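What follows is a pair of complexes built around subunit A, which joins subunit B in one and subunit C in the other.
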Partner chain A sequence: MKRYIDFYLTSMKIAILEQFQYRAQNYFYMVGVIVEPTIYLVVWSTIANQQGGSIGGYSSGGLAAYYIVWTLVRQMNIVFTPYGWEDRIQHGRLSMELMRPMHPIHSDVSYFAGWKFVMIILWIPIATALALIFKPILNPTWVQVLVFVVAIWGAYLVRTMIYAVLGLITLWTTRVSAIFELVFALEMILSGRFVPMTLMPVWVQHLAYYLPFQWTFFFPINALVGRSSSIELLTGLGMQLIWILIGILIVKIVWHFGIRRFSSVGN
Partner chain B sequence: MKIIKLVWSYLRIGIANELQYRVNFFIQLLQSFIALATGLIVLWLVFSQTTELGGWSQPELLAVMGIYMLVGGVIQSAIQPNMQRLMNEIQDGTLDFALTKPVDGQILISIREFRFWQLTDVLVGLVVIVIAIVQLKEQVGILQALAFIAALILGGIMIYCFWLILTTTAFWIIRIWELVNLFQGLYAAGRWPVTIYPQWLRIGLTFLVPVAFAITVPAQALTNRLTPLTLVEALGLAVLLMGLARVIWRMGVRSYSGASA
Partner chain C sequence: MQSPVIEVNNLSKHYRVPVREAGLKAATKSLFKRKYNTVKAVESISFKIDPGEVVGFLGPNGAGKTTTLKMLSGLLFPTTGTSMVLGYQPSRRQAEFLGQITLVMGNRSQMSWDLPALDSFELQRAIYGIPRPEFEKTRDEYIELLEVKELVRKPVRNLSLGERMKVEIIVALLHRPKVLFLDEPTIGLDVTMQRRIRLFVEEYNHRTGATVLLTSHYMADVEALCKRVIVIHNGKLLFDGDLAALLERFSAFKTICVTLANGNGSFSHYGEVLNQDAGHFTLRIPREKTPDITARILAEQKVEDLTVEDPPIEDIIEKVFSQKSVEA
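Now for the complex of A and B:
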């Protein structure tokens, strides 16, 4: 156990030091990320204004809060991409990772976790600017803030597991981009990324409840922005935990059978 | 004349290369359909709440989406692959091989790559545009069609210049992988007519990033909202951007040191 903790702390520290050197790049990346919710915010506020100020219980101030919190959740949601796994497996770089005395996923989880601290710090000025422009209405209770802080890390782990499983498909077939894009599209619609889930038809909301996606976007955002009961908040955290455990289990199974198929030349 | 021959041979090589991998056509087509389905669901969600968005009706926004896919397909097949290759070569110092050839450097680096299968997006985009026109139930006259094509070509030129300027900064900054993500984020704003955005964003999307001219203006031409003045402005900006891209490219090449490859 101690060696894992040591490894995680060191790897996170390295990530922080390394990523602070690339501030400009991180900002480029972030601006690209910020444009997306701004577009959604404008679309939905336009509609809200056309309908006399609110839509599905969200006023334009509420929508602004939703999409500004979205930007932080999105930063937390950035994980090692399936395309990265594809690259590792196709180019044989995975063999280097296999030499380590622990599962390669640990280095991804810890490195990206460390990177988050850099992202959060760089995110603060952007969020301030967005708040000044769009005037969000946000007054969460302490419980909500607490749940949010836990939930964004839960979201990070859930998404890490989904995308690790997805990336590991590359062990079986090299034509994975269509599968990846399909999952990205499902996530777009079923996670609350494009629109708060409460604006969706009821049957979609039911469907999304039993899928992992909304626990990585809608749940953390709504925990802070919405008016959920304590039971709903606890259920959400519980669902995240369940999906993390399911994710770990699937990664283990897929890894167990998939890694036998891996072969690489050189390196 | 020599340049046309050169473009033609690179095009042929690109297509021949891609034709080796025929299954990729179906995979690309599948991806185009996934993108189309996502776009349609998004539109449906918007119009399940309202009947018009900032003065644009549903078939009109469908036309915008078709143009978005069409232009996106052109970028992905002809512009972006060239720019990514340029980025890599600047970083690795292998751009020497292009610069020492007896043709203009800027032309050469702009035509070397062509992703033929990516044109499935163009195909699907065209189909969407045709469906939108049928739904519009308005006559699209010869004049509008001509204005649409002109606006589309000018928009394409502007996007190319913008991408080239972005990429050229690699001569000074070296590691600019994030630019691809930045461009795609900004381009996604074109899925909606820029007229719905607040003023500061609209100006940014018109003059800093020519998304407005590449997508919204052709859509305006198609839906009979275009004033001749806008088209003249588009022409002016295209010429300006071409000049600017040229100047920045020249400066960039001058500060390129290579790596004695």
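Now for the complex of A and C:
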């Protein structure tokens, strides 16, 4: 355990050192990411204003809070994608990672976790600018803040597991992008990324409750900006934990069979 | 008697590869009926390697060398056969096993491109759980041996190929592995750098008693490091034995180079004259006749200098590749 803690801290430190080398690239990437919620925010704020100032329980200020918090949750949700798995297999990097006495997923989780600290530092001025422009209404309790801090890391781990499982498909087929795009589309609708889940039809909300996606976007955002009860907040954290454990189990099973298929020819 | 560190029994690796003709028609046809070929990358090879041995693993491109190394290091599952390395079954990929071996591939990097190598060393320490005092001692020792004190402070992307390879070797050996699988570790390097890497591997072997299995297309690496060689071709084992025995067995001729004091002489009656230039003569002599012919030349000619050489090892290895029978 001590060795893993040491590894995670060292790998996170390496990620921070590396990503600071690419601060300009990271900033441009972040600006690109910010465009998406800004469009949603403008559209939904306009609709809310046309409907008398609120929609689905969200006022313009509430929507502004939702999408500004969204930008932070989105940064937390950046994980090693199936494209990364494709690339690491095609360029032979997986072979070198498999030589380590440690599952490659530990490298992915720790590296991207370290990267978050760089992104959060870069995010602060952008969030400040968005707050000045869109004037969010945000009055969380300390419990909400605490749950949010835990939930954004929970969201990161849930999403890591979803995309690790997809990434492992590359051990069978070197192209997984089509499946990735399909899951990505489902995530857009069922996670609260496109629109707060409370604005979706009730049956979609029920469906989303039993899938992992909303625990990666809607739950952490709503934990901070919504009016969830303590039970709802605890349930959300519990659902994240369940999905993380399910993800670990599936990754283990898929890995067990997939690694036997790994051919590594020429790499 | 010591038990072998590496034990391979009838190890094979076959790949099922889809094949089709070129063109749209063949592509459409393959959608409905796919054809496969089975590529026998490694076919039923067996050998044992004792602790501390440095063995050259030779063969032309596509012979199955890298596939074998990958099976022995746990990267690939064998199709049939068994292998044991340090008492572990490599395909089970146990952490205790992976922590005691290393695989260096000349064309692969384990380091962060953007950071100085010192940072990658630190990550390696954490991966292998090396105690800090031991890590620092080993790191500093390697840095001194390879004379890379300044290089390890530069971002890896700013290093030349040879410089990068030196730090790659360090990163791969920081955990002091007991078994080294070296796959073309000197590929693309100039002779000076090749020599430096070679000396380092030799020194590591002497200091730690580690077992080394080395593939290289540079015969100088093999001659300098390996007493024993294993030759494979088309996935099959052709030769396993001492390098000297290989030379003896597959080299029917020796080369005698003579320089005459007066510059004139006739040599055609001694054997085939390969080259003749201003008092220098190069002769090809059947191996068994070499002592006699050498004695005769020394007695009959005014010799200023004379050397007897084996033909280049590359020529001998090429000859081994052309053999069809499996020898062991």
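Convention: the second predicted complex is superposed on the first by the 261 of 267 C-alpha atoms of A that agree within 3 Å, B and C clash if a C-alpha of one lies under 4 Å from a C-alpha of the other, contacts with A are read in each partner's own complex, and residues count from 1 in each chain.
The definition used in the following text is that a contact is a pair of C-beta atoms (placed from the backbone, for glycine too) under 8 Å apart; a residue touches a chain by one contact, two chains touch by 3 or more.
Small disclaimer: the values here were computed from a predicted structure and weren't measured.
S.K.: Once the two complexes are aligned on chain A, which partner has more residues of subunit A within touching range, subunit B or subunit C?
M.R.: B
S.K.: Per the contact definition in the header, classify A:182: touching subunit B only (first), subunit C only (second), both, or neither.
M.R.: first
S.K.: Which partner does A:7 reach: the first (subunit B), the second (subunit C), both, or neither?
M.R.: Second partner only.
S.K.: Taking the superposition on A as described, I'd like to know which of subunit B and subunit C A:99 touches: first, second, both or neither.
M.R.: Only subunit C is touched by A:99; subunit B is not.
S.K.: Once chain A of both complexes is superposed, is A:109 in touch with subunit B (first), subunit C (second), both, or neither?
M.R.: Once the two structures are laid over each other on A, A:109 reaches no partner at all.
S.K.: Classify the contacts of A:254 with the two partner chains as first (subunit B alone), second (subunit C alone), both, or neither.
M.R.: In the superposed model, A:254 contacts neither subunit B nor subunit C.
S.K.: So in the superposed three-chain picture, is A:32 touching just subunit B, just subunit C, both, or none of them (first/second/both/neither)?
M.R.: So A:32 only meets subunit B here.
S.K.: If you stack the two complexes on chain A, which partner ends up touching A:43: first (subunit B), second (subunit C), both, or neither?
M.R.: It touches subunit B, and subunit C stays clear.
S.K.: Quick check on the output: what are the common subunit A residues between the subunit B footprint and the subunit C footprint?
M.R.: On subunit A, the residues that contact subunit B in one structure and subunit C in the other are 22.
S.K.: Using the touch definition from the top, list the residues of subunit B that touch subunit A in their complex.
M.R.: 23-24, 27, 30-31, 34-35, 37-38, 41-42, 45-46, 48-50, 52-54, 173, 175-179, 181-186, 188-189, 191-192, 196-198, 200-201
S.K.: Could you list, by residue number, the parts of subunit A that touch subunit B in their complex?
M.R.: So the residues of subunit A touching subunit B come out as 22, 24-26, 28-29, 31-36, 38-39, 42-43, 46-47, 50-51, 55-56, 133, 175, 177-178, 181-182, 185, 188-189, 194-195, 199-201.
S.K.: Hey, which residues of subunit C end up touching subunit A in the complex?
M.R.: 15, 70, 73-77, 93, 95-99, 101-103, 105, 108-110, 112, 114-115, 119-120, 122-123, 125-129
S.K.: Which part of subunit A faces subunit C closely enough to touch in the complex?
M.R.: 3, 6-7, 9-11, 14, 17-18, 21-22, 92-93, 95-96, 98-102, 259-260, 262-265, 267
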